[in-house]
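To keep things clear, I will list the structure first and then write my remarks on it.
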């Protein structure tokens, strides 16, 4: 796929069908694919939005989205938000913190947006918000560490 | 199942076979079951240990356990660690924070142990550690909020 | 002082002179007064900004603002940001987390702005940013708990 | 002072009188000295304990220790706990997170203990607990970053 960016580990591919046709996702990440897959794309203003559609398989025993699913999506979103700061470099998560603000029900459009609060160096700081149908669900912060220059 | 504790949402059941025979797990939590299932049991000293066996499906694109999987397991472990403080009450997670300390490879025995740093009231504070084959993988803290007295 | 709001513990007063004339501060909080004092006011858009002027006494051994000073100011700012959500109620901090983004030097104008990410109930979630002369210094999140209705 | 370790910025000195005679503190850190001073020493088991005596000047408007004071002490304790991992190198705090567990009253002996959960590299992870007269007050985690090899 010509749009694909090869990383050391996984391949950034473009979804070709369905609700997220034209969005990017990572192929070759078993847990993320199985949890999601999750998608991201660049918006007109240059920022990145991540998204997926909530299904019954994402829920906990109470019928709302599992906190672990929200955190897994946030971990995905960290790297989408940091796309420009990473400039193609590999990175690992050092810290991920989340405040759970409200429930997400099956059928909701789940999105994550955020900003790099400090980039440029080896340590990149991000903060963001996950929403379900536009309502706050998870406020998160993350610190990622660049592993290598490409 | 006679040992099962009925909660408002999910049912604490006993695994009957395999490596975790005799351990407890929650039935009726789709995301957790699909991510794990994860197990817990009370140790001789009264504390709770949570555990599962790392498989390729838990990994990220680099072949190590996905941060989201570690956080999902930590969210499970929060409630195991807080078993006595909860005394059967339902609860929700308010905050979950994790420091990623080291990789976990497929095949590793993944365990979580920890302690309630403040219980007794409606807000319960926990800290814990996830290990892979005994090596530190995720240091986590969590705050959970009791929803109701049974 | 007629503008003063009496809380259970400290008194919200108005600074009458100097750079922060017309801003509010809490009288009767020894550590905060000694660290600052710190000031806040409502902006034209309804949000709250907190501020103080960096002095040599706020610095660490390297000559930049001490992390503890930034966190103390963030703890102050949590309550300013949550003014409307608190509606005069007393509250305590449950969690305060900070990512240190950049140094603040003596002489800088230190400000904090942020938002309530979830209010309305007994548990109030806040996130914010401390800047020094407009440059990011501390990204913070906090959870505060309402103690009582007035 | 022969025991003093010269760092790039401040000088580790030995207190010569009073309750903390024989304990170490950093000279040349204005905010820390003014907040404390805080002290640390190595225990017989090789670990480090940090301590100070709570005074009225450390309190908030409710008469209990200010959250900012607890966080400032935790930031100090991070570096004491990481003494062996740092091996004399300078470092900065990247993240500091605290869960507030209980009040500390004037007169209490305030102590902090903890452990390096990951050391060895440039990024050092710590977790610890601040107590007041032995009762849990602040559970904290921190990430510090080594700046330079001496």
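Worth a mention:
All chains are identified by letter, namely A, B, C and D, in their written order; residue positions are counted from 1 within each chain.
Just so we're on the same page, a residue touches a chain if its C-beta (ideal position, glycine included) is under 8 Å from a C-beta of that chain, and two chains touch if they have at least 3 such contacts.
On a predicted model such as this, the values are computed, not experimentally measured, just so you know.
When the interfaces B-D and C-D are ranked by C-beta pairs in contact, the top one is C-D. Centroids built from CA atoms put subunit D at 31 Å from subunit B.
Chain geometry summary: the mean Cα position of subunit A and that of subunit D are 36 Å apart. One inter-chain figure worth recording: subunit C and subunit D are separated by 23 Å, centre to centre, where each centre is the mean of the chain's CA atoms.
Residue positions 94-95, 97, 99, 143 of subunit C each touch two or more of the other chains. If touching chains are joined by edges, the resulting network of the protein chains shown connects every chain directly with every other. Across the complex, subunit A is touched by residues 7-10, 26, 28-32, 34-35, 56-63, 65-69, 71-73, 75-76, 90, 92-100 of subunit B. Within the complex, the subunit C residues that touch subunit B are 94-95, 97, 123, 143, 145.
Of all the residues in subunit C, the ones that touch subunit A in their complex are 97, 99, 101-102, 117-118, 125, 127, 129, 136, 139, 141, 143.
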